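Each of the two complexes below includes chain A, the first together with chain B, the second together with chain C.
Entry: the complex of A and B
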């Protein structure tokens, strides 16, 4: 992965609001990039870049909600903090239902915004770390032989070796050998650990 | 027959009788003529001789018809034969007036009495003839005199009526007959009251007659009475009545001259009624009139002018300058006199509105319309006109205007309410920027470096500008919603629309609609109330935005254009939404008609009346390709 620092992407059509946000975030040492419209952001979007989105919910052209929808469609995981006006609670609720981290009403205390941004950035880090972990597990699973994969599935279903031997029509001893190899290949320290990894791997991306 | 009679004695006796008879005949004043059955004259006395100028000898044995003028003379023989044959007499025993002819041919009137002389043998007749020339002349003179008097009576254009004590008509002239519709014979001798006075009035009329006869009334007493004509019509007669007395001063009746005043009285009543009508019309309309003579200013004012000004008509007619000084409100006086003189001098027409002060201190607003009319005298001028109290109308107009203003204001507030979300957003934006800048500044100053000077300065500049931005929105908002009297200014509509953007755009933005202004490079100025025109524009933009919200697929934009169309500046507000259904279009400008759940139905109705009050037109047409274009015009300023 490219080692660019996590960036706060600000999308707001109001010049003054946008510029003041840039200055504020800069003053607390956060890397900021600003966009005057949702479309402008979409055009330069790079899913690989870490960071979070500070998004005005109302904008001419593509609104904040529409941008969120678009990002969801392409499975982008960038966390969003919405900026809303007074009368926008229904829209904020909708945004939350669609996975927004939080929303904040204008005008806001700087610390509230910064807290939410940090929260979002943390979530982004978690997301990205989770993604990394999942990729590793999947790679390990791909190294299993078909028989080992069968054993893994049955073990994680909670079946005892003797039952698995019956199911596969092999000796109990053979099951034990496959099981040991699965544990080794997957790097599982316990059965519980193995089960967790399988669940993680099967999670939707 | 006596045989012992002495013939001589008998003869002398007979002679004596004859002589006596002759003396008797000759002494008679009347002419005596005896004729035989054939009409031959036997006896002709001295009076006859004097009457006719013949001697007895001359006429003896001649036919009596020699004494008659034609045609009597030629008819007399036939007459006598008829009598002898039929025994039917026309004169005998009756006596009549006849015409007789003297020897010299002159004819004179005479009365004739004829008797038949009894005896054996042929019939003989005696006639007594009396010259009645003198009597006749007197009678004729009297008749002529009477006829002349009658003709005077008949010539008189008044009714002349004489009534006896009994109430019977003794005389009535032709005019009287004409008025009453009877002939003279139908009236004379009849009871006047029965004949000509309607039953309900008879008693009183008889009493009046009695009073006149008693002499209780003055000479030529005046009275008015209704009479009934032959065809039942009621006529009003004005009478002058006097008592008629005999030589001894006893009343024997009354003589009256009467004039038919029915039409006159009707005319008078009609005039009186029309005067009353005029007066009450003036009172109801609070409209008085006047006539003023210049240059002296002498004036005639109708009662209503006095009523309006609260002046006493009995204190004498005010001169124009007195009217100005006493009645016209001091603040309006100079203008009143100036405009009056100018109107008289320049156009001959005066149209003034001014206040008057009544003696009780109350004020009325009046309008005076007047014009000069030609006068016979070149030196003077007559001005006729009206004084109209229009106070109530003015109050009502003011009331209406205030009501309209209140309603307009309500509509404005309502429009503003619909735009509240957008406007709140519009104010919130600069506040957010300010707060954010300020907090960034604090953080920068708190940082170890204390921040870069240029950045700190820029933030402060931005704070100022954003504070001003918020202030501007609030200022415009306040100007728009403030309850205010209408006031007309010279306006550049382009500029007005640009200014309106501050209020209109936030609303568009929150509804995700673009507001596009496509204004003509320049438009001539118009005279208009800026707030009212903004109200119309905002209302139209609002409606367009609402229409777009109902039309999901439509291009989300509202275009406002200006252009010069003829002498008018036209403003269009164009959307490409769903258009207006016909059933909505019909009611579009009706107050309280709305298609919006929370609409008041005032917006378009008031916009319509605002534009109309500016002498412009507000309408709509389909936008080519779909949607609606609302357009209104305002007349450009003359010379603008």
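Entry: the complex of A and C
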């Protein structure tokens, strides 16, 4: 299945702004989709699609900050670059605290906006790669037998084979065998690597 | 675990220790006292003594210990011995921008929350500070409510009230 290329989603109620952003972004080869309202964006939102959001902060109906909140509530990871004609410090700080990657004021230089958008797209790529990696680790963990899973938990708690053998009431040799199977199934090159994978897998998405 | 020491000299209960190699030594009562105190220290760096005083008053009410500094240099000089749980700093310090101070802390591997204060902030500098990892960027003079909102959960999280 071929994924759609990363897209810049522009949400702004001003026709002229949408048009000029569309032309600007197309001119540097970035796929663009524009929306005249936050609601319109929500209605067609697809969390699977890679890209970033360029969002006007003040719009009639749902504001940019409200849209950000809505997206946070559904744990959407799409990075947001806010643009505003009349922002103030508290508004900017709030947007950043809620996870915006940037907040820029009009008028801005075209190149500045493109730079910020490229940073946002890079962040989205990183986030998605991280999620993919986490899924892969979780899938590998699901391949473990219940006993191997127990050994994994104890090993990553830092317990020695001898202690684990005592905990599980089996021989140390048996623990060693389970442990080797865990390392193999998880594709772990070292204990530290294994611990990192478990931490990664347990992170909330 | 250290066990030596005359009765009454050490804190009761679990002895605070410091580690050299693989050996744990008990700390002197003065050292232990310092560690206890620094557990909830909030540092305030602002050239304006009035701002420091009002922030200090507010923070004492929240149960924090305050260290006041007029310049970034004074604060950095004290850092090896006093590492605050939160730093509150004016964004335009006379000797160093608050943003640079934040970056200096991060460069030293210190990840404590940093709150910047400013009376003549613009959106760009606020956004730059937030991108650099500031917890908040608060406009003077109305800083009390915002500070309480940010600090209450932090101080409860990181330590018990000092008094």
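Throughout what follows, the second predicted complex is superposed on the first by the 201 of 205 C-alpha atoms of A that agree within 3 Å, B and C clash if a C-alpha of one lies under 4 Å from a C-alpha of the other, contacts with A are read in each partner's own complex, and residues count from 1 in each chain.
Here is the rule we use: a residue touches a chain if its C-beta (ideal position, glycine included) is under 8 Å from a C-beta of that chain, and two chains touch if they have at least 3 such contacts.
Remember, it's a predicted structure, so these values are computed and weren't measured experimentally.
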- Task: Label the relationship between chain B and chain C on chain A in the superposed model as either fit or clash.
- Result: fit
- Identify the partner contact of A:17: answer first if only chain B is touched, second if only chain C is, both if each is, neither if none is. first
- Query: So, does A:28 touch the first partner chain B, the second partner chain C, both, or neither?
  - Reply: first
- Task: Determine, under the contact definition given at the top, whether A:107 touches first (chain B), second (chain C), both, or neither.
- Result: first
- Message: Let me test your reading of the model: by the given contact rule, A:93 touches which partner, first (chain B), second (chain C), both or neither?
- Response: second
- Partner with the higher number of touched chain A residues, chain C or chain B: B
- Report, in whole Å, the shortest distance between any C-alpha atom of chain B and any C-alpha atom of chain C after the two complexes are superposed. 14
- Going through chain A, the residues touched by chain B and also by chain C turn out to be 87
- Query: In their shared complex, at which residues does chain B touch chain A?
  - Reply: 421, 424-425, 428-437, 439-440, 443-444, 447, 451, 455, 459, 462, 465-466, 469, 509-510, 512, 514
- Note on the structure: Residue positions on chain A within touch of chain C in the complex are 87-90, 92-93, 96-97, 101-105
- Which bits of chain A are touching chain B when the two form their complex? 14, 16-17, 19-21, 23-24, 26-28, 58, 60-61, 63, 85-87, 106-110
- Touching residues on chain C, where the partner in the complex is chain A: 118, 121-124, 126-127, 130-131, 136-139
